[in-house]
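Two complexes come next, and they have one chain in common, chain A, joined by chain B in the first and chain C in the second.
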Partner chain A sequence: MRFPSPQTDRGRQNLRIALLLTPAISLIILLFMGGLLMGFIRSLNYFPLIGLNEPNLEAYRLVFTDREFFASFLLTFHIAFTSTVIASILAVGAALLLRPTFRGKKIISFFFQMNLTFPHLVGAIGILFLFSQSGFLARILTNADVISRPSEFPALIYDRYAIGIILQYIWKEIPFIGVIVLAVLQSVGEDYEAVAQSLGANRWQRFRYVTLPLIMPGVLSASVIVFAFTFGAYEIPFLLGRSYPAALPVLAVRSYTDVDLAAKPQAMAMAMVIAVLATMMILAYMNLTRRYVRSS
Partner chain B sequence: MASIQSATQLREKLPFNWGSLLRWLGIAMLLLWLIAPMIPLFIWSIAYRWFFPNILPASYNMRAWEYAFSPAAGALESLYITTYIAVVVTLLSILVGVPAGRALGLHRFRGKRIIELLILSPTIIPSLAVILGIHVVFIRLGIANSVLGVILVHLIPGLPYMTLVMAGVFANYDPQFEEQARSLGAGPIATIWYVMIPTVMPGIIVGGLFTFLISWAQYITTLIIGGGRVQTLPLKLFNFVSSTDYPVTGALGIIFIAPGVLVLLLTSRYLTGRSAVGGIGNI
Partner chain C sequence: MTQVRLADLTKIFDDDFAAVNDLSLDIESGTLTALLGPSGCGKTTTMKMIAGLLRPTAGDIYFNDNSILDIAPEKRGAVMVFQNYLLFPYMNVGDNIGFGLKMRRVDKREIRRRVAEMLELVQLPGIEKRKPSQLSGGQQQRVALARALIVEPNVLLLDEPLSNLDAHLRDEMRELVRSIQRELQITTIFVTHDQEEAVVLADEIALMFDGVLQQYAPPAEFFEAPSTVAIARFFGGLNFIPGTLENGAIHCPCGSFQAPKSGVKAGVSTLSIRPEAIQLGGRGHNDVEGVIRSHVYVGRYARFRIDIGEFQVEAVTEPSQVQHHQDGSTVTLHFPPEKIWVLPPEEEHKDEGNESAG
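So, the complex of A and B:
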């Protein structure tokens, strides 16, 4: 009888891990990385099929000298940052509200989760119907004699500060972050808070020094996803935003679908810039927050 | 001192607790905020004449609903193709994501962090940045403007969620049960089928729900890769809202959210557990 040596055991284990990971990794490398690489090649004006044999940075020059691009970047950053911060704070509040057992908790939790299943597009339409100047809210306020004309209702859609877009993201992301926070809260239980209470911590101290540090990693992970999504989303800023300056994804799609074929490398360059910007911001954010989580 | 005492006495005398009143107020506001955008959506779908500043329409009819279900609108066809794509994407994600989640949740190995980052990258880099390049490749492969092409690109945003959720579930999974099954004579397939799958089923359900909903809601990826030929529901809905036909937009919007709510009704109890959703919080 032959016993397997520790080495071959280890080798078999590694082979097994590799086999388990191969389908997922190859899908992501082929599709995701392949798409990124292809976009990069095309952004360099390199397209031998139509006689473009000399790669150059012309498309990037065009992107960076475009005045709309910078306005666009600032707008997109503002949308992503503001929505993420407000949604995260409100989501923690919502999770704390929904945490204890109370009558009707099941039904209210269901509504909370239901919102998670709504596509962003439907949310954008709902926000449009609710907050436009002749929308549902404006009608209610007119009947309550608060305003007398649609134009007196503040412009929340197609407005400079992208308030409608941010409202939509807040609406959609509170349940997303909230469900994750609730899951974390459920897993840590209430023991730590009970200990803090028995040691004389008041409600605020218990939250600040016990609950918050426990849920912070979950909140941060969820907010990274939210930030990345809101930075790269197309349909919400398209539906609820101004056309100038448009959000970066709207700008990229606009030049990609331009009839002028020469605009395509520029669209590809913009896609690359979006990818790099999103990655840089997320990495910076993760670095900052990791330091915070460690220190507290 | 006297004031503190009286405050405590006051609290004891009150028939209800102010804290709990505030909580209920907060919960009521949250609930109102969650459903508010859906109220005008529903009213528009049955509104016949709804002019400013009427809070409710002057009259109602079912034109939008009749139109939405008529062959002319093509909504039923879109409903079918959207469901088909989302189901195939979900099944493929399970096939690919469960093994990957097992490797990440159960084992420690060199380069794990890099593999995790690679699998996570689609949640960080917007799909729009990738989709334009993929479009170029798909045109050359002849799968642009096809359902197959759309299914493949929907896998990109869906797979990370499936894998993350499964990694979270497998982190709490005890593989010794498998060894016991094997020692009792179960083959590898029987072990997977009778031991592993039932144990990690809550994760498969939650991950599957996320993946289904992500595919279901895709707009720009479908538009670019499908070239407008693959008319999923979000594309239809987008056309109607752009043409400002609000009643039909309302009806289609409700048709668009109904399946998700239905799926949630069936899977809601799995969504509250740490084991499944917690995986996403572990990035």
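So, the complex of A and C:
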């Protein structure tokens, strides 16, 4: 009688896992890769239904020669980068504050995580309500005679630097990154820091040389997700941003909904470029931070 | 050279649980002291208080007669080596060992030189570039030790230093710790639940039960002159017969024995004698009759269980004795007077009380 060797056993195990994952994976491939492929084909000006039979790169040429596209790209990068960095830093700080046990920790943690459940739209409306020049803060400051007219309130919405958009993303992403960092902190425990302290590391050194390298992989993966999301998200820049330059996703949707069907390939090309740029930036970012972790 | 003194040290946790209760210890400079006890007896809590990782509820800790309670842990020079080593996983061995010096902003070249020196000391030369994950448990332990020693601590604190190692590695590590400690003359305190480890390594043992210090003495005294029955039991004592001590003799239900050595003055007490001290065959004095209930032949020795009236004792003898004594036969036992140690009467043990109630 032959017994199955450990290798074939493992092979069988792997096959089992692959089979179990097939439905989910095929759905993802169909929806994601299918969509991507369709978009790519359209971006090549190939759309036989309206008589476009010759694939070409015209749409890409239009995108890359369009000034608005570059302005949009810079704006979108600025929004995604700034909000990711600020949210990450604040989230790490918040996670460190929420880490020790203290009275009322449960309640504070609850409020900290609460806005995870709110849609972005709710936050955007809140920002409009609070920070716009006709908003709550502007009125309060006017009534308190800090400023003479609401319009003197600094423009945080529809402004050049997209402050309203960034505020909204920070508000929404801090708990997201924070919860992940908290989980990492919980799983590594405090013993490494105790070792460092006993070896003479002060509070800052413990954070710099022990806590940070330990949580960095968690911060990294959370902030990559946040970056990718903020780079590609549509509704917040649509609600809180100026119309020129608009963020890339807004620009893409605008071209897509253009009455001129010929603008559609351009919209698709733009979407392709957004996807490629986002992927490239994420890879570069991961590479950088990984090198940082290794060198510390 | 650091002398450590714990004065009425107490730690009560939030749930009113006294992990350490009124502990006082004088630890001589340059000695190796074991904090010994079953798990949950407060030994690790004590160590963490010395390291500064926990603040005592009451009492004080002195290094060379200076209280260290208000000195930050990172400035105490009390370096703790944890049971699970805790090497920083993202650093190589060299950076791990050099960590303490880097925190003190020591010159990089100097750090490199000292790291190499430390690796020599723990007998792992040249492995600076390896990652902790590439090391065996024993190697990780040595690296953790080197990382602590490089900062030349006033006090070295070892938390169960050998418990995660295989038996043969344990012996090796034991000798290494002992020889390094002798060489560097660092006041060292280590926590262990293993009675044998404490006996082999330590100059002095502080035995703790339930947060309370039971006895603080050199290892031999725990065998020869334990202060309670519970301590004697923890150190492998098996034979306890209640009696009354009077004029250097203890009178038990089964007979009277000369007992010149005693931890109590007179009155109700307990006779104790270690299994290896009992002799089979009478000498004319300090003898008692017993019936052999069972025996085990172990090779290097033989072990007999013997009933003496209502009491039972164990005797460990020469292996050849099994040829002369059958189970069920009557035998005369000799308790050499100098091997008898008289203890205070045994307290009713709580657990036993629970058992009989349930």
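One rule holds for everything that comes next: the second predicted complex is superposed on the first by the 288 of 296 C-alpha atoms of A that agree within 3 Å, B and C clash if a C-alpha of one lies under 4 Å from a C-alpha of the other, contacts with A are read in each partner's own complex, and residues count from 1 in each chain.
Rule of thumb we're sticking to: a residue touches a chain if its C-beta (ideal position, glycine included) is under 8 Å from a C-beta of that chain, and two chains touch if they have at least 3 such contacts.
For clarity, every value in this text was computed on a predicted model and none was experimentally measured.
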item	value
Clash or fit (per the criteria above) of chain B with chain C on chain A	fit
Which of chain B and chain C A:I17 touches, first, second, both or neither	first
First (chain B), second (chain C), both or neither touched by A:A252	first
Which superposed partner A:G93 touches (first chain B, second chain C, both, neither)	first
Touched partner set for A:G34, first chain B, second chain C, both or neither	first
Chain B versus chain C as contact partner of A:S151, first or second or both or neither	neither
Arrangement angle, chain B at one end, chain C at the other, chain A at the vertex (C-alpha, nearest 10°)	70
More chain A residues in contact - chain B or chain C	B
Which of chain B and chain C A:F118 touches, first, second, both or neither	first
First, second, both or neither for A:I274, with chain B first and chain C second	first
Least C-alpha distance (whole Å) that remains between chain C and chain B when both complexes are overlaid	8
Residue ranges of chain A in contact with chain C within the complex	191-192, 194-202, 205, 209-210, 213-214, 293-294, 296
Chain A contact footprint on chain B (complex, rising order)	23, 26-27, 30-31, 33-41, 43-44, 52-55, 95-97, 99-100, 102-104, 107, 109, 115, 118-119, 121-134, 136-137, 152-153, 155-156, 159, 163, 209, 213, 216-217, 219-220, 224, 234, 237-238, 241, 246, 249-250, 253, 256-257, 260-261, 263-264, 268, 271-274, 276-278, 280-283
Complex contacts: residues of chain C adjacent to chain A	51-53, 72-75, 78-80, 82, 84, 86, 88, 90, 99-100, 102-104, 147-148, 151, 157
Residues of chain A touching chain B in the complex	13-14, 17, 19-21, 23-25, 27-29, 31-32, 34-42, 93-94, 97-98, 102, 108-123, 125-130, 134-136, 138-140, 142-143, 150, 171, 174-175, 179-180, 182-184, 186-187, 217-218, 221-222, 224-225, 228-229, 231-235, 239, 249, 252-253, 256, 267-268, 271-272, 274-275, 278-279, 282
